[in-house]
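Every chain is named by a letter (A, B, C and D) in the order it is written, and numbering of its residues begins at 1.
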Amino acid sequence: MTNLETLVEAIHDGASVALAPDYSGCAMAAVRALVRRGARDLRLIAVPQAGFQADMLIGAGCVGSVEAAAITLGEYGFAPRFTDAVKNGRITLRDSTCPAIHAGLQAAEKGVPFMPLRGILGSDLLTHRDDWKVIENPFSPDDAIVALPAIRPDVALFHAASADRHGNVWIGVRRELMLMAHAAHRTLVTVETVVDDDLLADEARAAGTIPALYVSAIAEVREGAWPIGLAGRYPADAAHLAEYARLARTAAGFERYLDEHVRGRASAA
Amino acid sequence: MTNLETLVEAIHDGASVALAPDYSGCAMAAVRALVRRGARDLRLIAVPQAGFQADMLIGAGCVGSVEAAAITLGEYGFAPRFTDAVKNGRITLRDSTCPAIHAGLQAAEKGVPFMPLRGILGSDLLTHRDDWKVIENPFSPDDAIVALPAIRPDVALFHAASADRHGNVWIGVRRELMLMAHAAHRTLVTVETVVDDDLLADEARAAGTIPALYVSAIAEVREGAWPIGLAGRYPADAAHLAEYARLARTAAGFERYLDEHVRGRASAA
Amino acid sequence: MSYRIEELLITTLAPMLEGLEHVAVGAASPIPGAAALLARHRGGGRPRVSMLASRRHASFTDGARELFDCAAQGRIDAFFLGGGQIDGSANINLVGIDGYPASRVRFPGSFGSAFMYFVVPRVILFSLEHSRRVMVPRVDFVSAPGTSPSNVYRPGGPYALVTSRCVFRFDRDRGRFALASVHPGQTLEDIREQTGFDFDVPARIEQTPAPGAQDLVLIRGPVGKDISETYPDFARRVLELDAATA
Amino acid sequence: MSYRIEELLITTLAPMLEGLEHVAVGAASPIPGAAALLARHRGGGRPRVSMLASRRHASFTDGARELFDCAAQGRIDAFFLGGGQIDGSANINLVGIDGYPASRVRFPGSFGSAFMYFVVPRVILFSLEHSRRVMVPRVDFVSAPGTSPSNVYRPGGPYALVTSRCVFRFDRDRGRFALASVHPGQTLEDIREQTGFDFDVPARIEQTPAPGAQDLVLIRGPVGKDISETYPDFARRVLELDAATA
């Protein structure tokens, strides 16, 4: 077990960082710690889409590139700092589609250089992804298929409900977090609570547990997903998220948000 | 919910049937029902290896071909009816290696025609599998890799601890059973018990549950894995398994076993 | 019985889902979600409905990829897609307007459209906004194409486009939309005026049927109660149901 | 202290695993399993040991494929393989002898060998039987090859061959085994007599060190207790430990 600031030190400037979508395990406290540290040139990989985490990191100038099927605040609207950065060409875009990101991570999970995927042909996504290739299906003539290179993030970063003292992390049905951990070189996790028993010894919880083998470091951070919710634990702080969406519409408003809720909250994480 | 005999009626002669390994969810009661019915020309797919289920079906003349990384009775020795059938050329062999079977099923799960896999090159397995192809890695020159065609079984057949009345099936960490269900056209399951609550509504058990969406039919069969064990429920019946291994060494002994424990147990399943 | 446009859209979409085995509904889709639930109520439990945003109606247990794998397996019969721009060839744009990558207007991104559009047999395009801003002659960025050459693996594709003004059916062979019905209060002229692409018009123009009394009872009753778990705002605002009373 | 051959093999294998991060042990492998646990006891918890046959030491939660995916990710440093036949190029045969598919002698099959042999850096071949029946000039069926051309992706491969008679190291560049040590009671002559393939012999022949007293205490104590959960027969028969007392 480590603390939050030490945890994010392992995310070097320039690292590729896989992030969970808003409906899964968002490590918002860790994102705030990254902003405070002044991280630079992060290459975000949204699995397969991202929201507040990505928007905040982009707005704070921590991000060099984004690979995502979508960046959005969902019911709170478009992601304003992302939109602004795109318009002004401040980040490199690698637009993708959800299953292509999953397939790329699965290729890394399986240690294969690529994964074939149906669809995509004729989409302008393909035009702009020179790292994607169209190959022939070797089992059927005249049948083109897209080959997606493995996505092996330097770091997978997410928040989960619990971990045990052996370093196992419980994620329940949020299996994209397990895929991220399998695919990434290092996996950094914040958790609500550390439990005293062995998650793998309980046959029910074992099924939703990432073994310690894949986990590089864990920090216990209460409400580590706040203001996003954590399924089964606490709901999203809707008023706060709406406030973020409103302030982040302008660069000045976003700075005000950071001053108030990120830079000013160092001790409270 | 259905009964055992009706369940196995859905397995037509000539069907490809994916079976679990002895350490996972063996549907031994269903196998006995198939033997009683006199099933023919089944194309077994061991995920990725099989034991007593395969040996018994092969001995009873129910099997036309076997795709497997191994067929063995484990600590009870080689699989005698399998060995005998191989020596006498009575079944078609499609020798494989564990991860190739998983990768083929994952290709079916993802709806792609093939999956690349490292290794295998230089193995005689490749020589004898004209359905496997060697292709070039499109992302790196002079880098050959094996392409494995999707394995989409007609039927996945296994035994699990419990199901609920919505048709959801709890498998815990035995995730190869979920892969089988995703990959197969139809999934037939025997379970120890049917529970009254909703497996998907419980966040712990949900993580180890195959949704009803993938499950075609369920039959409640107590000790449906017997004489194999079911992890967390009951151990293997070692004396019985040893007796099988001894009797099955000869065709006559195997017939005696069937008479005593399969054909004679119709009502007891 | 008086009704709201949202209710008309729900009863318009629901028949497109009847007789199917399994309908999936993405996030932030209260009207398609309610339509799927209405179809299920009318079908006595069929189709099965998987609503990604719902706790009660999301039955996936293999992570975010399962929706796409499930569709690729042929286990999802209908799905809904939208678009910041939609053109007359059913191409959809979820990426941005005017330039790429530095678009003048940037949308969130393509989500799963570049895949689902290919593998789900019945993709229903749904757009509340029906104006020349959305219904364009040609999308600025093709997130997912409406049609594909015959040698492209594509069991799926566009089935209909349902807007706040009308219903178009898509003819895959001709690669064009045809007006199927016009909502009460709308005219062909209005629709032509607000649509940036050309479409076929039948000799006799049908009107979209108003919601029946029985459907409205279902929508404001059990369907509303169900949808309010996932979309409490929608249930309260549109169906006038409180989560507490629903 | 007197010892059994199994204990000698355990203390011979364990040093090959020291300093590693993660060792995986397949099913039906009590001696490699005990060696891995001994290495872990001596290393203060390192290497991590994943024993597939164990409940306590099997930490995989993604089904039967996870072992292979995990190895492909580079997260498994050592693994054990056996062979019905093993030849001097470290090719292994787990399929059958004399003909294919209708082999005269049929083994269970290749299991994961055709993959693990390529991706695990340190594959230790282990065979209790050391005779010309197993150690052959050329295997009848190559389940997995000992070496590969330089353009084949292969971070892994054979490291050593440990038998009931001796230890061979494998030289990947030369593609040959070299005798590393001879177990107490064995002679080079015996080994040559019982080995069907040619191998290199150093000028001075080392003897495999007998198990130290401290190691025997560990093996008959905590390691034996640990292994008896998975292999009660082995613990009882070889280590003379009862599950009840262990």
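In the analysis below, a residue touches a chain if its C-beta (ideal position, glycine included) is under 8 Å from a C-beta of that chain, and two chains touch if they have at least 3 such contacts.
Not measured: the values here are computed from a predicted model.
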Number of hops, chain C to chain D, where each hop joins two touching chains: 2
Each chain counted as touching chain A and chain D at once: B
Of all other chains, the one whose Cα centre sits farthest from chain C: D
Centroid distance [mean C-alpha coordinates] between chain D and chain B, Å: 28
Chain A and chain B: spacing of chain centres that average the CA atoms, whole Å: 36
Between chain C and chain B, distance of the C-alpha-averaged centres to the nearest whole Å: 40
Residues within chain C bordering two or more other chains: 60-62, 69, 72, 119
Multi-chain contact sites of chain A, meaning residues that touch two or more partners: 103, 106, 110-112, 117-118, 143, 145, 173, 175, 178, 206-208, 231
Pairs of chains in contact (touch as defined earlier), listed by label: A-B, A-C, A-D, B-C, B-D
Residue ranges of chain C touching chain A (in the complex, touch as defined): 27-28, 53, 55, 60-69, 72, 94-96, 100-104, 106-119, 141-145, 148, 151-153
In the complex, chain A residues that touch chain D: 108-112, 168, 178, 182-183, 200, 206-214
Complex contacts: residues of chain B adjacent to chain A: 103, 106, 110-118, 133, 135, 137-140, 143, 145, 147, 149, 171-173, 175, 203-208, 231-232
List of chain B residues in touch with chain D within their complex: 21, 23-24, 47-49, 68-72, 74-75, 78-79, 82-83, 86-89, 92-93, 95-100, 102-103, 106, 117-125, 128, 142-145, 173-179, 231
Interface residues, chain C side, partner chain B - complex: 22, 48, 50, 59-62, 69-75, 119
